[in-house]
Amino acid sequence: MILSNSPALAPLSLLLAAILIPMVAFRRRWLAFPLALSAAAFATGISVVNLVRVLGEGTIHYHFGGWIPPIGIEYVLDPLSAFVTLVINTISLLVLVHARRSVDAELPDRAMPYYAVVMLMLTGFNGIVLTGDFFNLYVFLEISSLALYGMIAVGNKKSPVAAFRYLIMGTVGGSFYLLGVGFVYMTTGSLNMADVARIAPTLYHQPALVAALALMVTGLGIKMAIFPLHGWLPDAYTYAPSASSALIAPVGAKVGVYAIIRVVFYVFGVDFVRHSLPLTEILAWLGAIAIIYGSIMAIAQREMKRMLAYSSVAQIGYIGLGIGLANPYGIIGAVLHVMNHALMKACLFLVAGNYRLKLGHSTIPRLDHRVRKRMPWTTAAFTVGALSMVGVPPTVGFFSKWYLALGTIQNGRWLFLAALLISSLLNAIYFFRILEKVYMKPLEGETPADNDITRNEAPVSMLTPTLILGTALIVIGLLNAVIVTGIIRLIVPPGM
Amino acid sequence: MKTHRSNPIVSLVSRMVSPFIMMFALYVIFHGHYSPGGGFQGGTLIAAAIILVRLSEGSDTAQLQFSRSWGTPLGSLGVLIYFGTGLAAVFMGGRFLDYAALHLAHHASMSRSYGILLVEIGVGLAVTAILVSIYDNLLEGEADA
Amino acid sequence: MKTANYIVLLLFTALMIYASLGLPQRGDPYAPIHLEESPVHSPGASSYYIRNARRDAHTNNMVTVILADYRGYDTLGEETVIMTAGLICFMLLRRRKEKGSENA
Amino acid sequence: MYWQLEIVLFLFLIVTAASALWVRNLVTAVIVLSVFSFFSALLYVAMGAVDVGFTEAVVGAGISGVLMLVALFKTWRRSSD
Amino acid sequence: MLDFFIGHYAYWFVFILMAIGLYGMTVKNNLVKKLIGMTIFQVSIILFFVAAANKWGATVPVADRANGPIDPTRFINPLPHTLMLTAIVVGVATLGVALALVIAIFKRYRTLDENLLLEEMRKEDDTE
C-alpha cells in the first residue's frame, strides 16, 4: 500500500503534520517540533524510495481519485522530480534540526504556528515539483508563497515590510502564471502537462500560445527572482528570522527553477521555445547579467545574511544561464547547481545562524580571529562553504561551474564563459574578505585578549547539521561524477 | 469596535437575522449537489453570520457564541475531515481521494455522492472557523501599539 | 519613474490585447476547450465532465462534482491555502501573553 | 450570453475600479470596491457561472470588505494618493 | 467583423481592468490601495476564465432531472468555473495575510505610505 501510493506520500505526510500540529500542539507546545521533524524525516525516506523506484522502473504516474490524466490530476515521478524532491526534503530536514534552537531563541511564543507554516511551505514545494497539472501547480505555488510570506514576516521590526513587498510581487507573479495557464487552456483545451506537450506542436506560432509561455516564465521568474525581478529577495532574506532564511534560501528559489525547466523544456519543448520566442537567449543573458550584478552587490554588503542574499541572486543567475544555453551540458550544469547551491547556501546560512546565536550578530566588519578560536567547527564549515562558492576543485561548487563552462564552450558563447570566470573571481573577493578577518590576526594590539578566549561553540543540535552539510560539500563533490552519470544524465529533455 | 456600546435596534436585528443566515448557509452546504453552492459558499455565509453578531454585540459578548480560541483547531479539524476522507480511501485500497473505494453505498456513484458530501462538510467547517479567526486576529491582535 | 511605469503598463495591455486576438471565438461550441477530443485524440476533459458527472457521482451540479471529486486534490490544496492564511494571521497578530494570565 | 448586457456591466466595472483607486478616503474606497465585487458577481452570473457569482457575492462583497474595514479601523483611513 | 468583436471584446475589457489593477499595485503608494489594486487584478483574471467558458445557447452547468444521455453543447463548460472558485479562495487567503501584514506594519511605523516606510527603514539601516 505504501509502495503503490509512494509518489503522493511525501507532500501528504507533510500536509498531515501541518494539520495535526495546530490541533495536537495547541495545548502541548512541545509536541510541535517532534511532529514536524518526524514528518520531514518520513518525507525524506519516501523521497529516497521514490528515487530508487524511478531509477529502476522508469517514470511513475499517480492518479488522484483514480481518474486518468486529462480528467483528473496526476503526479508524475520522473528522474528530475524525484531528484529535486530528494534534495529539497533532505536539506530541509537538516535545516529543521538546526532551526529548533534559533526558533526557541527568536520566536519563543510562536513556535507552534511557525512549525505548522514550515510544514505547509514544504508541502507546497513538494507539490510543485511532483505535479503534472498546470492548475494544481498554481495551487501549490500559492500555498508555498503564503507560507513564505508568513515565515519572513515574523522576524524583526522591518520584516513585515519586506514580506508585504514580497507579497505584492509574488501575487503579481502567481497571477501572471495563472493568466498563462488560461491562455494554454484556451488554445489547447487541456490542463495536463503531458497532454499539452503533445498538443502544443500542432499549434506552432500561435500568438496566444507564445503569450502563454512568456507569461508563465515571467510569473515563475518573479517567484524565482531572476535578475530584473529579484527586487524582493535581498530584503526578504535579510530581515527574516535566521531559521526562516536558512529554510527558504537553499530551496525556495530552486522550486521556481524547477517549474521553469519543466514548463520550458518538457511541456513546450526545445523546438517551440527556440523558434517562437528568443526566450532561452533572453534567459541566458539575464543570467549572465545577474551573475555579475549579484556578485558585485554582494561585495558591497556589511551584513552576512544580506551578502548571502545577493550571492543567491548571482547563483540563480548561474542556473538561469544553464537553462538559457539549452544544450545538454547547460541543463546538467543547471540541475546539478540546483543541488550544489542548495547545499552550499544551507551550510552558509546555518553558519550565519550559529554566529547570530553565539556572537549576537553576523556583521562582517565585526568578525575577527577570535571567532575562529571561539567557534572552530562552525568556522571550519564556513571555510568549506566559502571555498565551494568560489569553486575550488574537490568541492561541489567546482563541478556545476565546470558543466556550465562546458555548455558555454559547446555553444561557442565566450562572453558567457568570461562571465563565469569573472564571477568566480568576484566570489573569491567577497569570501576571502571574511576568511582573512577570521584567520589573520590583526597587526597591532589586542594580543593580550587572546588568552581570555574560551571555546563557546554552538550547541550540538545546531553544530551537527552544519558539519554534516560541510562534509557533504566535499563528499558529494567527490561523488559528483556518479550523480551525473547515474541520475542527471537521465534528465536531459528529449529533442536536445 | 471592542469598546462599543451596542445599539438595541442594531443588536436585535442582527441577532434575529443571524440564525436565518446560518440556516440558509446549511441549506447551501447540503444542497450543493443539486444547486449552486457548496462547502465554501456555505462556510463563508456561516462566518458572515457569526461576524455579524460580533459586529453588533461587541467581540467580548460574542465569545459566548464562538470562542476566539476555537478558530485554529476547528479550522484544522475541517481540513482533517477532508484529508481523512482521502486517506481512508487509501486504506481501503484505492487512490487518494477515490471516494468509490470507501464503499459508503452499494453503487460506486452513490458512494461518490456521499464522499462529496463529507468533503463539503469539512470544507464548510474549515472555512467558517478560519474566516472568523482571521477576523478575530485582525481585530484584536497586537491591540496596543 | 512614474512615466516609465505608465509606458510599461500600456505596453503590457497592448501586447495582451494583441495576443488575445489569436484566441478562439468566445461562445463557439467548437473551440478547443469545448471539444470532445483533442487534436492528438486524448479525451477533452470538459465534455467528459458534462456527459458523465451525474452518472459518476449521482450529483446534478457539475461544478460540485469537479470541485470535490474529479479535481478534488485542487480543492484540498485550496483548503490548505486558507488554513495557511489563518495560521499566519494567528502567528503574526495574536496577543502576547500578559504576565501570569493564560487567556492569550 | 447577452453581449449587450455584458458590455454595460463591464463599463460599470471599469468605472467602479477606477474610482476605488481614485478616492482618497480609504473607507469610501473599500465600499466602492464592494460595489465593484458585486457588479463582477452580476457579470459572472450573466456569463452563466452561477457558482462563481455566488461565491464572489458572498466573499467579495461580504467578507473581504469586512476584513478590509476592520484593518482600516485598526490603522489609518486616509491615503495620500 | 461584428462577429469577431463579439467573440473577443470581453478579453479586451479584461485586459483593461487588469491594467487598472496593476496600476494600483505598482504606482499607488498606500498599502491598502495596493491591496485594492490586487483585488481588481484577481477579478480580471477570474473574468478571463469565466468569459472563455461561455458557449452560445447553452445553460448553467447543472444537469436537469431528465434521464438519458446529456448533450455537451447544452451546458456551459464547468471546468473554468471550478478553477475560478479555487482562485477566489486563494485571493481571499492572500488578502487576509496582506491585511495582517498591514496591521503589523502600521503598529511598528505608524504609517501606510510606502515611500515613508522605505525612508524610515533606510534611516534605521544607517543607524545600525
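Every chain is named by a letter (A, B, C, D and E) in the order it is written, and numbering of its residues begins at 1.
The rule is simple: a contact is a pair of C-beta atoms (placed from the backbone, for glycine too) under 8 Å apart; a residue touches a chain by one contact, two chains touch by 3 or more.
Just so you know, these numbers come straight off a predicted model, no measurement behind them.
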(request) Walk from subunit B over to subunit E along touching chains and report the minimum step count. (result) 1
(request) Look at the interfaces D-E and B-D and say which one is made up of more C-beta pairs in contact. (result) D-E
(request) Take the average of all CA coordinates in subunit A, do the same for subunit D, and state the distance between these two points in whole angstrom. (result) 38
(message) Could you work out how far the Cα centre of subunit B sits from that of subunit C, in whole Å?
(response) 21
(request) Take the average of all CA coordinates in subunit C, do the same for subunit E, and state the distance between these two points in whole angstrom. (result) 11
(message) What's the distance between the Cα centroids of subunit A and subunit C, rounded to whole Å?
(response) 26
(request) Can you tell me which residues of subunit C touch two or more of the remaining chains? (result) 16, 20-21, 23-24, 26-27, 33-34, 45-46, 49, 60-61, 63, 67, 69, 71-78, 80-90, 92-93
(request) Scan subunit E for residues touching two or more other chains and write them down. (result) 6, 10, 16, 22-23, 51-56, 58, 60-62, 79-81, 83, 85-86, 89-90, 92-94, 96-97, 99-104, 108
(request) Quick one: which residues in subunit D touch 2 or more of the other chains? (result) 1, 50-51, 55, 59, 63, 67, 70-71, 74
(request) Please give the residue numbers of subunit C that touch subunit E in the complex, ascending. (result) 2, 5-6, 9-10, 12-13, 16-17, 20-21, 23-29, 33-34, 36, 45-47, 49-51, 53-54, 60-63, 66-67, 71, 74-75, 77-78, 81-82, 84-86, 88-89, 92-93
(request) Using the touch definition up top, name the residues of subunit E that touch subunit A in the complex. (result) 22, 25, 31, 34, 38, 41-42, 45, 48-49, 52, 79-80, 83, 86-87, 90, 93-94, 97-98, 101-102, 104-105, 108-109, 117-118, 121, 124
(message) So in the complex, the part of subunit C that touches subunit B is made up of which residues?
(response) 55-61, 63-65, 67-69, 72-73, 75-76, 78-80, 82-83, 85-87, 89-90, 92-95
(message) List the residues on subunit A that touch subunit E in their complex, please.
(response) 135, 139, 142, 146, 149-150, 153, 157-158, 160-161, 163-164, 167-168, 171-172, 174-175, 178-179, 182, 185-186, 191
(message) Using the touch definition from the top, list the residues of subunit A that touch subunit C in their complex.
(response) 15, 18-19, 22, 64-65, 67, 70-73, 109-110, 113-114, 116-117, 120, 123, 127, 135-136, 139-140, 142-143, 146-147, 149-150, 153-154, 160, 183, 185-191, 195, 198-199, 202, 206-208, 210-211
